[in-house]
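Written out below as structure tokens is the structure these notes cover.
Chain naming follows the written order as A, B, C and D, and within any one chain the residues start at number 1.
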Amino acid sequence: MAMNEDPIVDPDILDLGLAEPGRRRIEWVCQSMPVLQAVRKSFIKAQPLAGFRVLAGFLLTPETANLLITLRDGGAQISVAIPAGSLKPADLLASLSKDYGISHLPAPAALAGEPQWVLEQGGRLLADPIPGLLGATLEWGSPKNYPFPVISIDQALTTRLFDHRYGVGQSVLDGILRCTNLFLSGITVVIAGYRWCGRGIATRARGMGASVVVTEIDPTRALEALMDGNRVMSMAEAAAIGDLFITATGNKNVIGRDHFERLKSGAILVNVGHSPAEIDLGALDRIASSHRTIRESVEEYVLRDGRRIQVLAEGQPINAATGQPTAVRDITMAMHALSLEHLTKNAAEMPPCIHPVPEEIDRQVARLKLDALGLKIDRLTPEQEVYLATGPEAN
Amino acid sequence: MAMNEDPIVDPDILDLGLAEPGRRRIEWVCQSMPVLQAVRKSFIKAQPLAGFRVLAGFLLTPETANLLITLRDGGAQISVAIPAGSLKPADLLASLSKDYGISHLPAPAALAGEPQWVLEQGGRLLADPIPGLLGATLEWGSPKNYPFPVISIDQALTTRLFDHRYGVGQSVLDGILRCTNLFLSGITVVIAGYRWCGRGIATRARGMGASVVVTEIDPTRALEALMDGNRVMSMAEAAAIGDLFITATGNKNVIGRDHFERLKSGAILVNVGHSPAEIDLGALDRIASSHRTIRESVEEYVLRDGRRIQVLAEGQPINAATGQPTAVRDITMAMHALSLEHLTKNAAEMPPCIHPVPEEIDRQVARLKLDALGLKIDRLTPEQEVYLATGPEAN
Amino acid sequence: MAMNEDPIVDPDILDLGLAEPGRRRIEWVCQSMPVLQAVRKSFIKAQPLAGFRVLAGFLLTPETANLLITLRDGGAQISVAIPAGSLKPADLLASLSKDYGISHLPAPAALAGEPQWVLEQGGRLLADPIPGLLGATLEWGSPKNYPFPVISIDQALTTRLFDHRYGVGQSVLDGILRCTNLFLSGITVVIAGYRWCGRGIATRARGMGASVVVTEIDPTRALEALMDGNRVMSMAEAAAIGDLFITATGNKNVIGRDHFERLKSGAILVNVGHSPAEIDLGALDRIASSHRTIRESVEEYVLRDGRRIQVLAEGQPINAATGQPTAVRDITMAMHALSLEHLTKNAAEMPPCIHPVPEEIDRQVARLKLDALGLKIDRLTPEQEVYLATGPEAN
Amino acid sequence: MAMNEDPIVDPDILDLGLAEPGRRRIEWVCQSMPVLQAVRKSFIKAQPLAGFRVLAGFLLTPETANLLITLRDGGAQISVAIPAGSLKPADLLASLSKDYGISHLPAPAALAGEPQWVLEQGGRLLADPIPGLLGATLEWGSPKNYPFPVISIDQALTTRLFDHRYGVGQSVLDGILRCTNLFLSGITVVIAGYRWCGRGIATRARGMGASVVVTEIDPTRALEALMDGNRVMSMAEAAAIGDLFITATGNKNVIGRDHFERLKSGAILVNVGHSPAEIDLGALDRIASSHRTIRESVEEYVLRDGRRIQVLAEGQPINAATGQPTAVRDITMAMHALSLEHLTKNAAEMPPCIHPVPEEIDRQVARLKLDALGLKIDRLTPEQEVYLATGPEAN
């Protein structure tokens, strides 16, 4: 069993005997999180969260566990409320409790503890009123009106580069290969949507030898896809030639009834977008004579004319963040930690709305990552700063 | 002689006998400007510029000539003032005058004509007060305070993709090959700056088999460069390993004294940035024992220790827009034309400052380009528009 | 559990109750083996193996099972002898026995059956004298002197392209990602050896955003690597900068004591070559203060100076053929089948030595693959055939 | 004017006043020929050609001039016979004569000098009997029966990599851009033939952002093209979608009547193959209503239905070797020199037929190139040599 997979899950009661393997998983992953470790070091020294009550509404993974530990080491009284319906890895829970004094609570109990700050994935905790809450960080959440300042982690440029473009580019292909044993060289991959995720997947699919077709509704993004070396066409045209379809639009019915009619037998459909409705499975079901699960996460629909269509993960978004490489999650975890520190210092002056990650934090995380890689970049000389400020004409 | 090069230039007096070759050049290039031609067709029908006095402060190329003709066909009284010091291609001037009734005037005379609208490259005309001016479009200009609305063509997304990223990626390498007969496979290309131009050049240099090193002062852009498959380091480190250096930063002394000391003999230095001072030629001169022009646009400096360094175009930015493929300039010319149309309808309501190209024009140009390529993209269904507006939860 | 993984292995006795899941695995994989299926169709009709006793010394996978069935359908009396020490997937064995009448025998019993033809992976069966043997096909075997003709599957051009270059390019990276959760964008991958495998891995690693360094002992291959966009240096230099090292040389101690001394902490070492000795693990052990298994297939060595080095699969070649995508194995399985057919017709005239796959079979397999993909290529016109035969001067 | 272009050509009589610019051109190019310079150094010391009469039947370029000088410095009595119909650059001739004592002779006079060795491009000199000739090197020649040993430079692996694959990949695209001002990003490039040249062009065209289609008659090469990320189809299909067509097959009528009928207006046709008949211009002429030269090397055919087709260089192979980067020609010139040295030592024992470049010369040139680039590669240890010789089993 791989070390960052879950040995025993959904425990009824905490089994502290599992703390040891849990701690090993946490420490193993820690080695690949140099950015968060740099933040942790500074937190240990500066104690920016001293005395604050912090609640984290996170999926529990070795990566989020390391964030919790970082917050604790920064002085926070930290607890975690795993979203209902998500896995509760017994070994991580045991180690967090025994080794780090961090407890898991059901949401109502957690909220009863009157947290001052919330860090969250998805936004379910924040959907309810939380008396006394001073601010929050939010990942994977849609903007809403909140009566306190919320920093949206998704909008940091470094997060987008790592988590949304390059991370997804690797992890989506990786996830598909693990389900299907597909050979990418020479096949036609159709990608619906050419935003951060679509670009990342297209780049990596071309890099693996596939011929990539992009569909878009935006003409500028369509042109960009074209000039990047992809082909561009409508989904109606693409449907007839694709071997693998990946939707990344956030919209519904991106592949629908009319497209199903044109698919080649053996076509594989995957959704990586925010919307669970990108592939119109209802319509697919109606034109199918049967369907069955042929491998874990692979459903095969046999159409009335004999064609076989495979749908991964029942059309739900694959590659939840747990599928991302640790080096990618490292960036995002550091963004949470530094954004929380920023809130503790500035929330009083911040209007009660969604804020992007402050630019200086974005750059700080990028700089920490470069440091971790041992890469040096240039710094402006005083002379250059003057030149940039005044322009060529003044010089 | 190639048809889009200049047969006879800088005439003292107009020689209408050259109109025929000029017209052929204009028409030849016109075939590769489908987007501008689509605009022209709509202008001929709608006459949006009817009765307006328009002055174009443009370098005169077959591409800009086609823009002038489009404006004339849209009803404008159009004249052109070629910037002082720029080429005055006799054949194009002759054809514009004889075949299209468009005359070239020195700037003072042109301004005396009391233009209502100005289209400009560089911004010298706009630097002076122009009584009665209602608005302008500006390419290659730095933001200033103007007492009328100015649309900045450089900031359109489609312009950036075509002109700044992919166009430059091709034309800079092309320009360097014409000067130097360099073989790109396997050499190390150092690119200073990873904005639109730097990204485009890096992508194409890798595509030609070079190993690319990027230097940056911004950590996020440095990380992006790294994840795109480039190496990242400081210029001090890069100086010692590069075969070809391309600066694209807009700053001064990006390659300076300390870097010259570390260059390999045979290194080639090129500037494509906005600043004429990116390579510190003064410092290079001081450590050189001699220099001489060895080919057109190639200056060889022999350093005291015997190393030979080549500088292209005396460190001035190569690849002025005339070096861009016509298909790239087509986009930008269409942006000027449609932005002028927009100004004529809306300038009265627009505050007197720099405006980006309106988003709908950006998308219109992209859509015209896709049409010209015969490419279809998807359109939102009414159902999808509702879904996007209301989000997954409401659906 | 994935369908082409083994549910129950190493059975003592055959459990026919497992035939059903076994058959489903065989049929599932069959859908991705169109080339072998085309061969099977022709075999069913022509019965080229009618009456022959055939022994297959193969690892048992769903792909090799499909080859066995194809041979059976071509008329052969076929049995399989799984190499000692290899897995014996109970479900596949059950289905082969119950559904297809193909039995598994220990090598001695299999040889007692006096096979006329052997198909083999590795060459252990062929190492012993087999009375009455008329010929064999051999995969993954080193050339030896045999008293009968042997067709070497490894040397077919199509096999090399699929199995050795592009297949390996995907499956090696895939295998590494499953062990390590590594993020490839921006890391430095050092590949020792630039033959078929090395080229394939380098291409795909660059395609995933890595910066690739190649080490070689052959100057021509080194230059090819360079011009393909990789960096080239000695292993001594590469050792200090690599994040991931992949050996593909067939030699020993390609990474040895002196290199270990220079590795960065966290470096990962992987062997994909034919030699089990490419990484000098003995030397690594001697300079390590400890080592432990941290995940399946991942051994971490802690050096005396604190650096941590990870070795995958104990330095044994990863990516045995079972790791290849089915579409890749399809080609190789078809090569076995058609080479056997060729032997049955021509072995009497073939000298007793190693033969390459006949060129016409190589092209036939390639053509079947193109047909399966629905791709058309051109054919020479009679006029063109004359031209090619006589040259430009005669025309 | 660029320094490696010809200032004055086809002189009636030698004008020694042009020796100075000629010498500068020769020396300038010499800086980019480190491999030939290394050979020259060894020749100066060892004088391997001392006393031999050598005739070079070469196009005269700065690169071939450097080869002539190298042979002279190796002790040869060297003269050059420029092929009839080729340019006679007056400056190079003047410098060769005045500065290096190398004279140009018409072929009959040159042969009257009873050369012992011939180095040739194309093979016209060798087509006639040359009494006393001991051997020859041949570039761009088709195999014939000769009564003396001939080393075919074209077949060296390093020559193929540099001159046929990567060199052509750059120089063909470069040549097309200089004629046409085409923008490669996003266009569809159709390449007929996927041998060395086709592969090189396809790789670089994809690298410049084009979408590449390959047509082939060989199924294995077609599959290779596909897995490299190109699309594969018949020319009949490709004709309808291509923007730029490049033939590299060596065959005739690769693009013919039926294909012309399907071309898009604006399509550009280029031949880079050995055959001058790859594009059936006769057929194109018959379906055209007119054609005219619109730029140097660009002929536009207007078809009866109004479509416009452009043909470059009248369908003749573009990119004669003079278009190759100097770094590429450096390799080939060194091959000539070292092959001649080899002949002087071994011709007596070599059968009178075509020989490939000896493998050790091929590797020597590659090694000199690596040295020139400052790149180190590994060498086998004695232990590794034993291992390779005896195999894993003995170790």
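Following the convention adopted for this analysis, a contact is a pair of C-beta atoms (placed from the backbone, for glycine too) under 8 Å apart; a residue touches a chain by one contact, two chains touch by 3 or more.
Treat the numbers as computed from the prediction; the structure is a model and nothing was measured.
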(message) Let me spell it out: compute each chain's centre from its C-alpha atoms, then which one is farthest from chain A's centre?
(response) D
(message) When contacts are scored as defined above, which chain pair ends up with more C-beta pairs, B-D or B-C?
(response) B-D
(request) Determine the centre-to-centre distance between chain B and chain D, using the mean Cα coordinates as centres, and give it in whole Å. (result) 35
(request) Using mean C-alpha positions as chain centres, tell me how far chain B is from chain C in Å, no decimals. (result) 52
(message) Two or more other chains touching the same residue: where does that happen in chain C?
(response) 166, 185-186, 206, 209, 223, 226-227, 373
(request) Over in the complex, which chain D residues touch chain B? Could you list them? (result) 1-4, 24, 28, 31-32, 166-167, 169-170, 174, 177-179, 181-186, 203-204, 206-209, 266, 294-296, 308, 325-328, 373
(request) Within their complex, state which residues of chain D touch chain A. (result) 185-186, 206, 209-211, 223, 226-231
(request) Would you tell me which residues of chain B are touching chain A in their complex? (result) 142, 157-158, 161-162, 165-166, 215-220, 222-224, 226-227, 232-235, 237, 250-253, 274-277, 362-363, 366-367, 369-370, 373, 375-381, 383-384, 387-388, 391-392, 395
